[in-house]
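Here the structure comes first, spelled out in structure tokens, and everything after it is commentary.
Chain nomenclature is as follows: A, B, C and D, assigned in order of appearance, with residue numbering initiated at 1 for each chain independently.
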Amino acid sequence: MKTVLMTAFEAFGGETINPSWEAVRTFDGKEIAGARIVVRQLPVVFATCGEVLTRALDEIQPDRVLCVGQAGGRADITVERVAINVDDARIPDNNQQQPIDQPIEADGPAAYFSTLPIKAMVAALREVGVPASVSQTAGTFTCNHVMYSLLHWIHTTNSKARGGFIHIPYMPEQAVHHPGVASMATSSVIQALETSLQVILSTENDIRVVGGATH
Amino acid sequence: MKTVLMTAFEAFGGETINPSWEAVRTFDGKEIAGARIVVRQLPVVFATCGEVLTRALDEIQPDRVLCVGQAGGRADITVERVAINVDDARIPDNNQQQPIDQPIEADGPAAYFSTLPIKAMVAALREVGVPASVSQTAGTFTCNHVMYSLLHWIHTTNSKARGGFIHIPYMPEQAVHHPGVASMATSSVIQALETSLQVILSTENDIRVVGGATH
Amino acid sequence: MKTVLMTAFEAFGGETINPSWEAVRTFDGKEIAGARIVVRQLPVVFATCGEVLTRALDEIQPDRVLCVGQAGGRADITVERVAINVDDARIPDNNQQQPIDQPIEADGPAAYFSTLPIKAMVAALREVGVPASVSQTAGTFTCNHVMYSLLHWIHTTNSKARGGFIHIPYMPEQAVHHPGVASMATSSVIQALETSLQVILSTENDIRVVGGATH
Amino acid sequence: MKTVLMTAFEAFGGETINPSWEAVRTFDGKEIAGARIVVRQLPVVFATCGEVLTRALDEIQPDRVLCVGQAGGRADITVERVAINVDDARIPDNNQQQPIDQPIEADGPAAYFSTLPIKAMVAALREVGVPASVSQTAGTFTCNHVMYSLLHWIHTTNSKARGGFIHIPYMPEQAVHHPGVASMATSSVIQALETSLQVILSTENDIRVVGGATH
């Protein structure tokens, strides 16, 4: 039986909830597409989020990893293509630290590409009626840090696991405090994550469809 | 027993569904806050939408009227403040007509303000966790036409009815075809409309809270 | 010889300059299309902006009036279609007052349409390479207040003057402090205003071209 | 005497001009901050843009390289942080080719970071009144391809050159055809490029200031 590790974050940036956690925690212990789902929450702290993740990876040795984070302001589910080797915090993290232009791994490569079938995921999400697109940047905050740490762990441990990152919009309850900003119902996010898991577990090679950006 | 007329539109602009109809039709025949709900669909046709509405108003003689329409691209529920006396179609209507700068009522005033408690509605929607804001323009298409026709009917028939207009975002199923554009789950829209009805039926005088725009 | 009154505002909302004043003040005393240009600055104060304007109108008795204001966040020159009879301040004015849902003129109509050829203005601006569009709302702050006061003065004094309002984006020097927000070079704004004046002075009847909004 | 190579693109995507070329071509043969400027135009063709660039690099052996491209829709000057090793064309290039998820260099790293002082450039642009920010993605079209090719050439030839990429908004003349979309005057872009060149030629180590994104 395969194991999937799903991660989400605690609240940050003045929010009292994190939509990634509200959605991801509902999967803990579930069985989807023949795989067992294990869920972990990560701190929004540069100094520890990568370590908490890699400890979980060492312990669980998952076959697939799907990390999820909040992208307040984005209107749809965005499947991240790439993580880059830099921390550049626009706001302080939950430990009041704000690193500027620091590499995540001093000897790591400049970037890692997601090893999930990102195009197939987007296609499947649209198919079930959930707005989704490929994103060419996961930012330079803890979401990108975690995605980079995940792929660095996979690479350096020679793990056969595949992994990547999904950003989700604000929940409606959050957007209430940000007039005019997009949101997505938690039920839609949960549906999106379940569909993503099914794609992740059943797709060997990604499909070739448009998903790029001119800039 | 009070009667509330709710209206929504048929699909237009290349869409196969209209989220206003998907949400509003679920209210037909319901009883909310002691009032009976009557639902009607309106054509996205400048030449007939006002007439279909006023025939329904004449027949039903409602106490409250809540007209609903799709605002593809807006991220939250927007409660309209004002309807203006002009048709100016950015795209052809469902009858292939595209009026430019034509008054809706040749002898009508330049505008009518909503007679619903728009600030109380926005406050209540936010209270229940649905993103909402006041809108200062209902556009110049059939939504504005219907809102103007409604308020003109109320004014010219000396009706004691109160009425206004709510714009709603795309449904997720529609936004799938408009990457990066906001959407709202139909369940949230339905919750928003039910909350709006309760406010409309229970609020005599609107509250005084910020809801304006600097431009 | 015809006379054109142009107005612009002082800085507000935390800004140290107002792009409308930076552009409009360059026209003072000029002669354009055979008309003499008179320029006045208006306070961003609900209690006095209308009065300062109407005193200038009484004194100057202009043939045409072009009021200009800042719309921080808009990307192009927006020619306003309509002013509505309400003050609803999102932020305090320069006199620390923040009126909520108060009529500008207790006995005035709900709205006045611009009496300038708004479609011809937009077409001419695009023709000379300046991005422009019709706007269906001038907001509910002092810009809308001034536009309403202008058209109310024209209406109640039976003046043959024609008048309206143009909103302009931030200047680049302001947008520097609002990362990601649009701006327009003052030279482009000045070109837009000069082109607008020529259209205003030469166009009897507006042209019929698309300029509406679906919402 | 130092040499700076500046590149820009030909028009693409239905446009008849490319603002990058309109701005960059004015620098050809100039001397700025003691350096000689050489300008080259690149094709918007995946198959050849990298080759045209590297031939110019081989020939000119520049000390600094500043590549510039159009980012229609962005509101400010964006200094790119990173180029990624993938072509994923949202639209066909000028040779009607539309590669999907193809590596730019089969054996190249996943990404290269700009070796220009991107934070100092943004700070200097804001200082002179031109809106600017750091961008975390150069997209997956020919702009990213050229930036990646440039940095790959620098890396593989052990060149001491430093180089990177700047995206610029539409020109106003283009935005006229995209209502509501941001633009920037060519004079502002030229000022931005001159300021950038001065920073590039005088800054050894980048400054540490905020320029990241939470997502």
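Operating definition for what follows: a contact is a pair of C-beta atoms (placed from the backbone, for glycine too) under 8 Å apart; a residue touches a chain by one contact, two chains touch by 3 or more.
Because the structure is a prediction, the values reported are computed rather than measured.
Trainee: If each hop has to land on a touching chain, what is the smallest number of hops from subunit A to subunit C?
Mentor: 2
Trainee: Call it same or different for subunit A and subunit D: same when shared residue numbers make up over half of all numbers used at their interface.
Mentor: On the two sides of the subunit D and subunit A interface, the residue numbers are mostly the same, over half being shared.
Trainee: More contacting C-beta pairs: A-B or B-C?
Mentor: By the number of C-beta pairs in contact, the winner is B-C.
Trainee: Any idea how many Å lie between the Cα centroids of subunit B and subunit D?
Mentor: 47
Trainee: Round to the nearest whole Å and give the separation of the Cα centres of subunit B and subunit C.
Mentor: Centre-to-centre distance between subunit B and subunit C: 29 Å.
Trainee: I'd like to verify one number: the distance from the centre of subunit A to the centre of subunit B, where each centre is the average of its C-alpha atoms, in whole angstrom.
Mentor: About 38 Å, centre to centre.
Trainee: Hunt down the residues of subunit C that sit against at least two other chains at once, touch-wise.
Mentor: none
Trainee: Would you identify the shape of the chain contact graph, picking one of line, ring, star, complete or other?
Mentor: Topology of the interface graph: a ring, with each chain touching two neighbours.
Trainee: Considering the complex alone, what residue numbers of subunit C touch subunit B?
Mentor: 13, 69-74, 81-82, 84, 86-91, 98, 100-101, 109-113, 119, 134, 136-141, 143, 167, 206, 208-215
Trainee: How about subunit D: which of its residues touch subunit C in the complex?
Mentor: Its residues touching subunit C are 75-76, 126, 129-133, 172-173, 175-176, 178-185, 187-188.
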